[in-house]
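One chain, chain A, appears in both complexes that follow, with chain B as partner in the first and chain C in the second.
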Partner chain A sequence: MPSLGATFGRGAATLPQWDLANSDCVLVMGSNMAENHPIAFRFVMQAKQRGATVIHADPRFTRTSAMADIYAPLRAGSDIAFLGGIINHLLQNDLWFREFALPYTNLSTIVGEDYRGPGELGGYFSGWNAEGRRYSPESWQYDGVVVPSSLAEGYVEIEGFAEATRRLHEGPTPKDPTLQHPSCVYQILKRHFARYTPEMVEQVTGCPREVFLKVADAMARNSGRERTGAICYAVGWNHHTKGAQIIRTGAILQALLGNVGRPGAGLLALRGHTSIQGSTDIATLYDLLPGYLPQPHAFRPHHTLEDYLKVETSPTGWWNNFPKYYVSLLRAFYGAQATPENGRGHDLLPRIVGDHSQLPLTVAMANGVIKGLFVMGQNPVVGGSNSKLVQRGLAQLDWLVVRDIAETDTATFWRDGHLVRDGEMRPEDIGTEVFLMPGSLSGEKAGSFTNTHRLLQWHDKVVAGPGDSRSELWFTYHLGRRLQELYRASTREEDAPIRSLLWDYPVDEEGEPDAEAVLREINGYTWPEREQLASFNDLKSDGSTACGCWIYGGVFPQPGRNLARARKPDGPEGPGTHLGWGFAWPDNRRTLNNRASADPEGRPWSERKRLVWWDETKGEWQSPDQIDFVKTKRPDYEPDWSKRPAGMDALSGTQPFIMIPDGVAGIFVPSGLKDGPLPEHYEPTETPVRNAFHPGVEGNPPAKRWAHDLNPIAAPGDPRYPHVLTTYRLTEHHSGGTPTRIVPTTAELQPEGFCEIPTELARELGLRSTDWVVLSTPRGEIETRALVTDRLRPFRLGERRVFQLGLPWHYGWAGMATGDVANVLTAVVGDPNTGMHENKALTCALRPGRLARRGGQG
Partner chain B sequence: MAGGLAHPRTLEYTDRDPQGPVPQEAELTAGHRVESGRSYGFFTDTTLCIGCKACEVACKEWNNLPADQPGLTGQSYDNTGRLGAHSWRHVTFLERGARATSMPPFQSNWLMMSDVCKHCDPAPCLEACPTGALFRTEFDTVVVQQDICNGCGYCVPACPFGVVELAKEDGKAHKCTLCYDRLKGGLEPACAKSCPTDSIQFGPVEALQQRAAARVEELEAQGQTAAYLYGTPGGPGATGGIRRLNAFFLLTDRPERYNLPPAPSRPSRNARPSFLAGLATMAGLAVAAALIGVGRR
Partner chain C sequence: MTHRNRRPRGTLTGRLVGALQDWSVPRQLRGAPGHAKAAESAMSRGLRPRLEQADRVGTSICPYCAVGCAQLIYARDGKPIAVEGDPRSPVNQGTLCPKGAATFGLMVSPGRLDRCLHRAPGATAWREVPLDWAMERIAQLAKRSRDESFVSRLPDGTRVNHTLAMASMGGATLDNEENYLIKKLFSAGLGMVFVENQARV
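Here is the complex of A and B:
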């Protein structure tokens, strides 16, 4: 989530989902919220019942659209053009919330004069390196000062980076509050988006001009002191080679409208699984350590602890506390083995050397580089991009461990998969040894979920799982324990990390580790006494504290007091922040950046939208929420620059975005993003049309590509693949399908794969619902059933009429609800920031009929 | 921020043992206690339905009903087809003008309705039942007792809504019980409890009717002028001798579009006229026979 991180300081939803009920306008975009987040959608319906305007902007008319007041159809992959058009409309007509955006964002900050935008450089931002297909962000910096990124990876490859950031101690970033300076962010933004005219929006997105303007007006009308609007998005924004920049566009929009940190305002990043937010927090991503700390990198100045802390610690803002969090994490990892001699454990941590995310991992598997794979709670044959490449990769492995609640498609790829079906391999030719280990369901184990708005909720074990099924905790703990046993006698240096690991969780009589012991470690304790800490404010950088994930600090502040267990909602007369229900990171704050709900003087913007205010008599901020600011910092506080202030001392009383080194929301992002400081429309990697903004620069220039024989890409406008294809989920099934396709009562609801086809195209091809069709891309072909519907429509893009097809991706051969694997069609291409694939927008061909079977399997 | 969302009595339980049972849980989840001697039912507000089918799943899970697995129907997102012996909740989907960009508030243009047994007052199925297997409970709901049902099937054509069906497995009549067992335990019926948008609301029928009438007015004020109630006394759905449906609906299109009869009626209403007509015919025939007899003599 680098976009929200770069703009507002934290890569997470800024508001609790129930706060949507306080919204005056909810834009759902890049999400089919009613279908995929029905519980969260309950609060949109509550807002609607209180009179809010509900807008759905989406390529398909879905069950969410059916509940909307305005449905804005747009071609998959054209979101930046749509949102950019709204930004232009706000700026041209002066409809933005100036009193909010001027002090609380970097609109007035002056950017160095070398910066040039893609409008001036033929589709590229300044700093483009065509050979390396990457940007150097040097020319994106503020005038005379480098501001490190607030993202996990603070370091930016700029010569003299650390020294250049030290200027932040000397004074505020250069500003022109009159917004007249030609290089101030406001002027750059205005020039940048001036090209996003209603005509251009209509041509690129296919959304009729009057509909688009109606959306823009609804959003503008519902902003300001008295009113707020929220945006809900999900992977419909993520799954693009420019996904981070789509989210950035939404974030800029909300910053301009004053829709962040306030009741009913913000961006709600809807997460697809029960604890995806938690898995990002506790770092399933290869380049993150728990709590959004960067994994040391072999090719960055991370060699010693001192080097690493020097470049990754922000001089100003909250991230100045970075060393406390990192050193405490190392203590939690290595215990007594973290010593001053080994950099408090820094020397033991593995280094990354490049992109190790799922897409390059898939390619490396297919190339035979990777020998073994653990698949836990995932079904990559169904969910992974370019499924045939995935299956080819699995076939190259020596061993594969699948841990799940049923035999998944991934576990049976060698028997029922496409390699066999297409006659490319026989089961006996596949040497992969597959271990299927039964996993347990959530009710069969204790633990916590971290939901979409950073809320931890504990669940107890209510029933023992059947047979040999075990929890992930059991499996991981005993795997680690046994590995440690195997390496105990080793004296080799490379084995030191595993030998040094602190791995002493208490287990019950069945060998199940105590999940609360893990949460206590995540919360943090003193070392070596192991007394639980009340909050992350108690963490130290001298090795006297241990903490498994600093942002979760305070979730278990005392023995026996697991706040994730708390279940006390506010009553009907209560404030509605529900601080007694679960625990939200950080520090139980429900609305992030909530200092922004008060004006610069500390007064609520309006009584109607009251959340945080300054109480002069008490000398502190007041709120029914936990305050995301220094509680006693006066609104009129100004840093004393003669003392070279550091950390929070360098932020004034009017700078609510405490995780960002200069304290204001980053409308223009000088560092941290790899594809530009501002969002720009680029076409998807596979597109039926040329880029109307920059013919010749079709896709996002630094998008990740991996050349492989099994991963061919269709050229822009390739007439063999004329239709736009978007993949999606249905409310009836869960992602890779394992938990729902095996259960009769959910399987029967959507029992078979299908492809949604617009009525006009079906008529041209003579198709009726339930007829067989074949879809193809350069990666492969699948057969499925047609579902002919008006809910998909043809788009007129300039002179062209473009059809869009919709394909649910849940299906595979395992279980009761079956169908061909949609991801056979998708490509391994990725967002330059996140490595996220592009399965929401690609091109394909469609024909009636079925596939010939070469492998003999039915 | 606006006030909290929880029922006040929820707070009584939050500090206690969360494992312990909550008496009259329906009061917390639906806002109503369940007491025998009162009439209970559903108010299904289609304008709030998002077609998630959680009601179908919750119903089958609680009542232990098997899946029918009819396969992909191609009828929008409806793959369970209809109410039946194994499907006591069924969501109907109707795509209608899905090319619109401006729409009335709440659900429109893709209509979804969670259909269910109407628990009619009076109930035609119950009237047709010769064995007393169908009976009216202390909650004014209509339930089949499978141990008494002899599978005669008279209730099937008697139901004007096509709700009751004989199961292939046991040959007996099956339909929604309005979660009779849950009501006895003070629990809200499974479908209503699982509904994420409160499209299905459970409660005493009179209270639901008041709420529904207010909802129609509220929708009208917001610009949805097509909303009306189906199954409240005097309205469509409560016709032909049926006084009211204890499970009634708020609709925004003609009943037929949702697969509901525009004017359902009780077959038993035809019994008295038919019986009298029969008597009259017999009397006529007797008189004619007598006259003929007299003539011959």
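Here is the complex of A and C:
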């Protein structure tokens, strides 16, 4: 999320999946799309049938590779070196799309002269604080002006931050359109990536130079006025201690090639769970409120409503509307109890005090800090990193509520888990009170999912679920109702938030809350009349509107008009934007930043790639899509700086990236990222080799680490763990496995866990397919069956030969298809921006045979 | 034309010849394309799609990955009888992958849970409990954990309004409306800060 957000303004896929068919070149990287998003991969195949070049860059040769024109093998965790090499190739040979990138990105913007890159400072960016293991972004700012981050949290820890950003009202950011200034982004970028030579790429990634250059050429060839290329990625890019910067590298590449906001262009984040986009938009995440507003933080200037709005409202760009969205959210949360006296509800919200994401949650559980845990449709014993640490944590709880459609591995940790199996605890010693409650599936309840390209699609309740199964809507609503009842008589100040909650949803005969009533609140209505609002443009900052998630504004514009339920596709002759099918946020826009599909004068770059254009007679932008720009803003509009313009008035008619304070794509990101304004290759936390760019600074310096006895990490190059291990998914199973391991067909197709082992290594160890093997890391050991294959090739990295192993991670003991838990091997280490773990690249040992267990099973 | 209820008549030889003529394999071996008439038999001619028995069809979305394939759920007497890809959808145009195609199997899986189970501290087995009992017990436990751990202000007076002693996981498989209520209740209502879903998993 932060990578696309920091570069283009919104942390979401920039194009609809079906638009891939209009691409001339599709790079699939960090994803095995053919197997894990098969239905979306049809559009890649359609593009290929029309002549597009399809490229797959991946540690494993998969069915995606088999369908690609070019397969580029690379070592897990070396993606930045690979993509950085392409950027260098484009810059050295002047193969980038200058007419696009010069006006639409910050290439010409001048950065303050204190900035230094890792090439100059032995592996660190300027601003490194070794004691705190963190960066200060002061030296990354533009010359003379501080730019707020376009991510959820606009605030950046810089002395006098809010005042320093006010300079944005006074004039454009400093620029040198000739690109000669030594501190302009173009020159910095060129110097930074000059180290990513083809030789270096080959040495670090293991990808042969000819193959790498073929990829670079294919991407360069399919750029420009007439041609576009798209990148599809999945968690193969996210799950690293530098995942955000891998995605950033891809985003920079696309910005340079003019591949954003245009037909067949962009970055498609392929997400794994049905509504993972929705649960980020309406974030069940610790640091985000719905609509990408930051959860107030106790140690930031967020104390009063005024403080919070002052540092979080961007002077320029779309985020200048921030107060309207926040005050309306508070109204939706607290209704009549959001008053001027309590900061319109701001004083009732909880403050975060640090990182409360999944990995620290795991550690906090194991340390006994957490007493009660709700788990709703998740299976952290299988899906969480360092599974034994997770299970230790579950055993420390007073109570655990698991809500799911079947008995999960998490719900039965006390009976069948590793602690019991390995003889470390008996069920009698585990004091956790556990509830396992049946949940509902999409056809058994009504509601909306948001798919991977921001499309909200409603599903009906068609049948009733089995027995006592209930939706999470039912559970949450009734739990809240009971708690409000329990707190009703309280007069304590600390109980004010729960007593103040607006919680009056209508229910049907079975007690099921009306999901459409909830969606209407999410959409927004007037207060107190509760009349539906047509769009987020109607929101106010004076408390007269309520809105549960501003970016979803317009999904339910009138009573009875639930656009998530719209089911009118374009016919074969239609424009193919399918505006009548579901609702895409924001404002039903299908391609983000689509103003960039026209040149600065407002003409399409070419007839072939036409999407948005300026109509002088109508005085409006035209498009078969909804326009992601001010509809009537002329292409030649220039802000009148004498008036200290704010918000959108401060962006010119040629600045398509409206969520970014200076309106252009951030190739260099001054604010918002914790590990540098540009991506740099760092080795995974556990790596078989030294960092060839700067030996001594192997991993990402500010990567998150949590010291815990049960979470030891192997040192770089530790000879006891010589192999690279990468985890992945199978077509037939889903994530933590619960909803496929209990289905006869999918369980039969992939009945048991296994590990993919390269033929050469198998020969050395005398292994054959279906033999038992034991994999181990400092966290633990698992046993599984060998699958000997040529799909994983050994890599030659400098003098060394390195083997990679591949391990599907869906398995556990519950259900019909079973296997040992891959995540017993993985570590609690995280990306400094997102807190994502690093399960795509770690090191391990492999031996033939089985585990000797005290517990006796197996 | 249906042959389903035709009773074989005539001599034994006649019936044998008839049966052999009806058998599709020799026709296909002779080179007739297997996906056309050559695969027909008296029995297959009488087969009807299960969907015809449905008394209700509803629109749904695949519960697995985020491609968001649209589905049609066919039901009879309030029970699902089939799940198909929705041919109108610009995302999947009627197709489903092996997981999506398993949705019907998921809905009717013998592994589906239909009762609330409770495991007391130290117990070695589940026991079934009424839904209402579980709800009340959970509400009481949540209140107790919150009350024992709630912090209004830090020692220096900074407002925090939170509890670090309760956590929630999950959301990426749930509806937007469900996520909204979860965030609203857990965060804005109870002051929980450990609210997380699979976005980082």
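As a convention for this text, the second predicted complex is superposed on the first by the 858 of 858 C-alpha atoms of A that agree within 3 Å, B and C clash if a C-alpha of one lies under 4 Å from a C-alpha of the other, contacts with A are read in each partner's own complex, and residues count from 1 in each chain.
Assume contacts are C-beta pairs under 8 Å (C-beta built on N, C-alpha and C of every residue); 3 or more make two chains touch, one makes a residue touch a chain.
Computed from a prediction, not measured in an experiment: that's the story for all the values here.
Enquirer: For A:Trp128 in the superposed arrangement: first (chain B), second (chain C), both or neither?
Expert: A:Trp128 sits against neither chain B nor chain C.
Enquirer: Give one of first, second, both or neither to describe whether A:Phe668 is in contact with chain B, with chain C, with both, or with none.
Expert: After superposing on A, A:Phe668 lies clear of both chain B and chain C.
Enquirer: Taking the superposition on A as described, I'd like to know which of chain B and chain C A:Phe97 touches: first, second, both or neither.
Expert: neither
Enquirer: Of the two partner chains, chain B (first) and chain C (second), which one does A:Thr746 touch, if any: first, second, both, or neither?
Expert: both
Enquirer: Would you check which partner chain A:Pro263 touches, where first means chain B only, second means chain C only, and both and neither mean what they say?
Expert: A:Pro263: touches chain B, not chain C.
Enquirer: Name the contact category of A:His303: first (chain B only), second (chain C only), both, or neither.
Expert: So A:His303 only meets chain C here.
Enquirer: Quick one: classify A:Arg42 as touching chain B (first), chain C (second), both or neither.
Expert: Both chain B and chain C are touched by A:Arg42.
Enquirer: Quick one: name whichever of chain B and chain C touches more residues of chain A.
Expert: Between chain B and chain C, C touches the greater number of residues in chain A.
Enquirer: Have a look at where A:Arg567 lands relative to chain B and chain C in the superposition and call it first, second, both or neither.
Expert: both
Enquirer: Quick check for you: in the superposed arrangement, does A:Thr731 touch first (chain B), second (chain C), both or neither?
Expert: A:Thr731 contacts both chain B and chain C.
Enquirer: Jot down the residues of chain A that show up as touching in both complexes, chain B in one and chain C in the other.
Expert: 18, 38-39, 42, 567, 569-570, 576, 578, 731-732, 744-746, 749, 816.
Enquirer: Over in the complex, which chain A residues touch chain B? Could you list them?
Expert: 18-19, 21-22, 34-35, 38-39, 41-42, 45, 48, 50-51, 54, 61, 63-73, 208, 211, 214, 263, 567-578, 580, 610-611, 624, 730-732, 744-752, 754, 768-770, 785-791, 793, 816
Enquirer: Using the touch rule from the top, collect the residues of chain C that touch chain A in their complex.
Expert: 56-71, 73, 75, 78-80, 83, 88-92, 95-103, 105-107, 109-126, 131, 134-143, 145, 148-150, 152, 154, 158-201
Enquirer: In the complex, go through chain B and note every residue touching chain A.
Expert: Touching chain A from chain B are residues 1-8, 10-11, 14-15, 18, 48, 50-54, 56-57, 60-61, 65-77, 79-80, 95, 97-112, 196-198, 222.
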